[in-house]
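Next come two complexes, and both contain chain A; in the first it sits with chain B, in the second with chain C.
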Partner chain A sequence: MIENSFNRRGFLKVLGWGGATVALSGCGNTSVEDGKEFVTSYVQTADYIIPSIGTYFNSTCAQCDAGCGIMGRVREGRVLKLEGNPKSSINNGKMCGLGQAGVQAHYNPDRIREPLLRNGDKGEAITWEKALGLINEKVGGVKAENIAFLTGGISGHVKALLKNYLDALGSGHHYVYEAVAPSIMRAANKKAYGTEMPRLRLDKAKVIVSFGADFLGAWISPVHFSQQYARFRKADNGERGVLVQVESKMTLTGANADRWLAIRPGTEGILALGLINALAAAGLSVPEDVAAVVREYTTDRVSKDTGVSTEHIGRLVALLKERSPSLVIAGSAAEGYAHGSQNATAIALLNQVLGNVGKTVEAPSSIPFPQMAPATGNRFALQSLNDNMAQDKVKVLFSYGVNPVFTAPASMKLKENLKKVPFKVVFAHYMDETALEADLVLPLNSALEDWATVMPEYVAEGAQLNIQQPLMEKLYPGTLGVGDILLALLKQRRPDEYKGYEDFYSYLRSAMVSNKGALGGSATDDDTFWDATLSHGVVKLAGTPVNMSGNPSAKGLVVPGPFTEDSAYPFHLIPAVSASLRDGRNANEPWLQESPDPLTTIVWDSWVEMHPKTAAKLGVVEGDIVEVASKSGAIKAQVYVFTGIHPDVISVPLGNGHEALGRYAKGVGVNAFKILDSVFDKETGELAMHETRVKVSKAGQRVVIVKDEGPAGGNQMGRKIAVRMSSNKVNLSEEV
Partner chain B sequence: MSITNLLENWSDFRQQHPSDDRPHREYKWAMSIDLDSCTGCNACSVACYAENNLPVVGKEKFAHGHSHHWIRIERYWDNDGREFADQGAQFLPMLCQHCESAPCETVCPVGATNHTADGLNSQVYNRCVGSRYCNANCPYKARYFNWYDYPTTDNVWPEPMNQQLNPDVTVRGKGVMEKCTFCVQRLTVAKSNARSAGRSVLDGEVQTACQQVCPTGAISFGNLVDPLAKVGKQWMKQQVELNKDKQAKDAEEKAAKLRGYRILEGLRTYPSVMYLEQLRESAI
Partner chain C sequence: MSMLSRRQSNCLLGELLTMYCFLRFSILLVGLIFSAGSYAVNAAQPLTTADDLGPKVEQPIEFPHDRHAGDAAKGGMQINCMYCHTYARRSIVAGIPPLQKCIGCHQNIESVRETPRIKKLFEYWEAKKAVPWKKVHDLPDFVRFNHERHIQRFVFAQNKPVQEACGYCHGDVKTMTVARRQKPLSMGWCVSCHQKDHPVDATSTKTTHGPNDCWQCHK
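Then we have the complex of A and B:
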């Protein structure tokens, strides 16, 4: 230590205790000095609360459906920051930017604070008693089959309660809808591997070929995959995995690939079959029926159809042949077409032929409590609900955790059809586009104020039940948890069964404690079990691996040829799912709006991405406002030119373009969901998100794009700032 | 502490580096960032907003260059004239490099930015008069100025968003410069706890917010003086020496190269952040 430097003790001696207290207290925004607030000491504090010392409580992130474990730092009764829960095998203590912004969802100034009943164009604040009474009256006045419940992905005890409520009503109409879910992949996986969501082991693969799966950005469980990716890039033995990304518009994952291959939109399946053919020619053993199907996919033909050079196909084949095991993943970019299922099947077939099943594609565990297993959703469900509404078959509609008015294409006419439903109840955090259409809006607790259990669809090991618990007192007395609302509604229908539960907390505790044997707590008493469960934030369940069928078969597989040109609508529109805004539900969190898009560095807006060639053809430059018109509608946004996109494609990010939601989201950017054409995947009936064809025309003005990159636009001008070298020049095994 | 003492023992208070004869005593905080692991996801940046009370300035002020991301992801392309960015992007988390010989420190007219005994480049908010000379002199553009009084600006921290503010970190007012502190509030707590236990801070005992959140673990942070610290081992293995403006290894021709480098080292700023070069496979 420096002899003359003052230490803390000396410092306090000099100042005296009074002075020190002033010096050590935070400056911040406190208005104690103005006399607006009073400082109250804790006369009787709880055991574990020490003023100024943060305490961590475990819970589950609700910003997306990945179900990462979080721990919230709580100080003086306020939750300040979220960190990852190291005990969760999904995220092992790590988080993403979207998850970090969870506190902004909680403290958001635009949250709804009391139940609102429609009175003309306005919402009138009413009491919960009245709101719940009204629901009771409405559901009692219609036939059970005319009641519909629309939710997003849902699991755990809330799902079980919801099912019980629907049973109590005598209606089974539960529609699960996720706007950007990998539903085509689930169906293709089910067919190929016998399970919808096999476990992917990126860390065990030596080569990953991803057909448009943005597993580092917005696909399924990005924080989990990012951790696997780190081990894939730098294995313990120093080996470095090779990532090849095949897609028409660069994703964050594509930006990290060793080779990014721009492919003509929709021809992913052709490339996969071409690779099988070339691998067979190179000596890989391929079943006879598969070989027969792929025989016509010669490298020359595939190169012509897909736009990927024969040289790159050759190198990719050599790489896949040499380095095993590999992993081939089909992502949303490959699936978003009318032949999306065929593409996904062809890609799965490549995986099987390479012998990756059982090595890098593993069987997931069965879920011990099927009633709490995640209900996953798709757009097909929304379509069926929409059809039923159009035919006046829905009299009472509940909506929870979704914003279909924002995410449904205009061509569905969902907003018009909603008007035919006489009574619409929307559970909401914000007045979003769907809540604006409601007759009754029920304000929800934030995810940091609420009790729930969550069973994520993708779990890294075994099975897992996540605990979501309040990290602080409710900010507003007028909000309720979704579990509490469902319980109150159930008490109306089945009072005898549920009257014993004062609130959802008591229901949850009793349900968990009564099952503690199956939840790994058979040796402990109830209180110890419950406290340990809350303390860990996750309950790890023993699950047995499901059976995977792995016989490659090309039966019935037909992959159509490349698209024909459409002179009226010459470009393919790729609606891009961004890691932070996803389907738009988080758009009112300002950290996410100000967090630059990784590839374009644009903030607070939408944009139209195009290749320099395309821009030259259209006669536009960066910042030009263009109109992007499909058969179903048009949007206007600024042009961003870059080379991470195929010249036949233009791309607009999803998530912005809100007409409601809140101060940070309203009026920012445009909503690309609206102009999607109604084209569906032929096998699953899913909306084909990438099928929309558009024309682009200059709309006159030019703006300066607000972005983080400098005027050099990503050129280092010869300075060595970010440096890159060839991987064969380095010995990673010698690194720390 | 008298002024005489201060003047007589100036070199103890004014930490001047590089200094072979006066190495760091207990702590020298340093970082290393693996660019081959960094995916450019921006989690570090958002975590920094959460930890350090950074204001969200909005579109208009962002356009004026008033954004406050203490750690930002710089994105570069290296197409070399090819039609596509077919080797992806180069992402680089840029933050205050905590230079040992910081160009910002020498130009501050009021000594608001200076070097601590732990080797941090510190910013004393209540000394800062807003000359912004430091900003002009920083080669890394890692300093951010409060052009507005964000606590009282509409929609920056509207009620109840202000309840999220970290009480361990000052909320800066108009007219002061700010920048990455290596989460000094966390370091202070860790040092204090360690001192109470009669030891030094152990490796891994304290993490910066960006390091803690990073999904791929690309960021290492620790005490370069501690021989057990991962960050020190990394620097050693990469043969990057803190007090050199040219690394000996760069002159050698070797078959296997080392990835460690510091940005704009030739400016003799002696940064405390080492980067590991991004890699790309040549077989594809």
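Then we have the complex of A and C:
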């Protein structure tokens, strides 16, 4: 019987005592599980496995394509935390946040757990025998040229097995597609240096001029470049390198630069040629044909075209002239245009004129096993697959490691064309947008449960083969590794050749051991070699540097003038690649969603980034929902006002806006891939990611942006705490 | 406050509920009971009493601790605790021996090979499945108890008999079949031992008591 005179304050006092009592009794003993919880025990175990004490096993990170070596802390048979593998020359024991989230890809509750066969709108769980039998039946029933295999970047023994499977089928249709890849730069490099991916030595450069290459955030091998960058900033001789970033939308690297130059989108090539001209005028020796091409790029004209002031151009020239070697990098911002190849070529030309080839642009190593060399992907491959599907030339389609339904622009009509393929097999970890279209979904082991070898495209020293090995037992008995699936498929076609291998592990082990001489194990016996290989996690291969041509030539180089205004679609859309979400494959890992974007501090959402002047012109403020419409579609997202962006540009980050994938990704943000226009680079046929023009209109509502920075934004609660100096008062060439 | 055993605090919680009817006196009452509880603990508790029998835990195999560790006079094999629970001296948790350890001996003991429990044991072994043992001694997640420290100190530094040292917390396991929690394993019960003076090592007359800092267990 509670008396009415007992008031709230009195109740709280009692509760206070009561609360203390409850805490003492172990919160009602809810966390004590004796008699309920199981104790982890092993059937057989090694002596060094001790409960509660972590054991580290080396493997390879699969969160992006950089191929960093990792080591996973394993305790009681569960992997708990990933660290970098010090033996890998790519990351030297370091790791990024994206890699850390690898455990969330592994323990993700949305992973597919058994093979699913389409039954109307639903997926029906079937056995592996039935799934593999069905594939055998389907590929047997069509002509080999009507079978297509679509993958992401792929290398190592899985690639070799895939090639053997396609050979066994008699079909060579392997399409390699990467949604966000420097493929235009690869082509330009091939032309300029004779190799697609030269080794960049940031640490040897005294000046770096980066045209929109976000090498600290999301570009090629960011962990490796970050380490080189640290040495560039604090060189052994005490000289601090100067970083100048030229781009239309500030990236993480741009935010770290000594000088960030906002450039009118697409005019990067003009600036590069202007710099060559000004350097020639300042006394740098430039070959005659190059000088003839760049002569018309006077500083005044370049300044007018690019929006970079003559003063800044002058300083940049002084800096480049004074400090050598330098390094000029063409990033995704420079190559994402219809004239992206020309931009990248002009930037490579600047590198050559400055004499950086052989100094800061080094030749990569040849790869001793070409069948395992990385197959790098591009958008053009997807386009040809799409065309073939549209013409009913594809009867059986396999898809592994890509999500083209999510990453292809709506204008490609890929989803519609997929429906024309009678039998689609998707290898998947999650029910992503592409898996939803499949007839048969094959659930994959996570990267922490699977065997593979990986040969990254960008390796720091020599050639390297990375080992990916399971860090723990499979979480779900119904998943299989991609190597195991390919081996099972090969056994159907070439039983005599493959029947000796019980699983992919035994194939991998025998393939490695039989080549141990070339893998540096000629002096050891098989078991010792294999154990050492697994223990190190990487195999260093002997490769010789490939030949690189360094002769600057401006033959056939024409860089078009700046864009003309489009009054209907006045803004350039920059789809930004974030360090965490990349092309969206990792969007279902909540750590990545909740780690704030480094520049805007926004979490769990997409946004439309624009300059304060642009916002004022449009009459919007932070948090206003706006519609961003291109010729190909429209998306709605919240406005974020930010000074680190060119006023002609708006930017929407990629990676979010999933309609499927999983509980943490579905319905979060918007998908900027969808509204990209079908504009292609003229030389390579690649999608020009930065070519989309958009119009922005207010959509009515206003929301509070969820972000980490304070309510006053980046202006330090309205007070000028940090010393500020306007950038035109800083002269870097005098400072250093 | 820290001196209350789990059972005592449970009483206190019970009191509190009764008290709900007499709210005007509640604050006074709680205070009174609290100080009474503290007083009760301050009176010295012998090491191995304060029994608080835990729940009966049904295990997949009814493991006879008495047969393995019991006195020879009573038909036991007098096996050292640490022969099977080998991790206790090397790790914060005692762990469960891997199945291979059981099999290592039992594959050579023909006399019991056909008994139901051993047959079951070999069924697990042949299926390469770990025996799903259930936890008998568990602590809340905010408590870190370190087996290694205790075993190193009592068994290796002070030469205490293993069964006595383990028995401080686990009771007289050698007389049990399936182990059952014997002690409260509450904070008050831990502290009652840590406040006692113990000889520093087997030969010394110097004494000390166990660490009493919060962070020793709450990390």
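General remarks:
The rule is simple: the second predicted complex is superposed on the first by the 676 of 736 C-alpha atoms of A that agree within 3 Å, B and C clash if a C-alpha of one lies under 4 Å from a C-alpha of the other, contacts with A are read in each partner's own complex, and residues count from 1 in each chain.
Operating definition for what follows: a contact is a pair of C-beta atoms (placed from the backbone, for glycine too) under 8 Å apart; a residue touches a chain by one contact, two chains touch by 3 or more.
All of these numbers come straight from a predicted model, not from anything done at the bench.
Within the superposed three-chain model, A:103 lies in touch with chain B and out of touch with chain C [touch as defined at top].
Of the two partner chains placed by superposition, only chain B is touched by A:244; chain C is not.
In the superposed model, A:52 makes contact with both chain B and chain C.
In the superposition on chain A, A:310 makes contact with neither chain B nor chain C.
Counting the residues of chain A that each partner touches, chain B and chain C differ, and the larger count belongs to B. In the overlay built on the shared chain, the residue A:226 is in contact with chain B alone; chain C does not reach it. Chain A residues 1-3, 6, 26-27, 29, 52 lie at the interface with chain B in one structure and with chain C in the other.
Listed in rising order, the residues of chain A touching chain C in the complex are 1-3, 6, 10-11, 13-14, 17-18, 20-22, 24-27, 29, 31-45, 50-53.
Contact residues of chain B toward chain A in the complex are 1, 5, 9, 12-13, 25-26, 34-37, 39-43, 45-47, 49-51, 56-59, 62-63, 67, 69, 72-79, 82-92, 117, 151, 155, 157-171, 192, 209, 212-218, 230, 233-234, 237-238, 255-259, 261, 263-264, 275-284. By the touch criterion stated above, chain C contacts chain A in their complex at residues 1-2, 4, 6, 9-10, 12-13, 16, 19-21, 23-24, 26-27, 30-31, 34, 54-58, 87, 90-100, 124-125, 128-142, 181, 186-187. Across the complex, chain B is touched by residues 1-6, 8, 26-29, 52, 75-76, 78-84, 91, 93-101, 103-104, 106-109, 216-217, 222-223, 226-227, 229-230, 233-234, 240, 242, 244-245, 250, 252-262, 312, 315-316, 318-319, 475, 579-580, 590-596, 598-599, 601, 603-605, 613, 642-644, 663-664, 668, 704, 706, 708-709, 713-716, 719-731, 734-736 of chain A.
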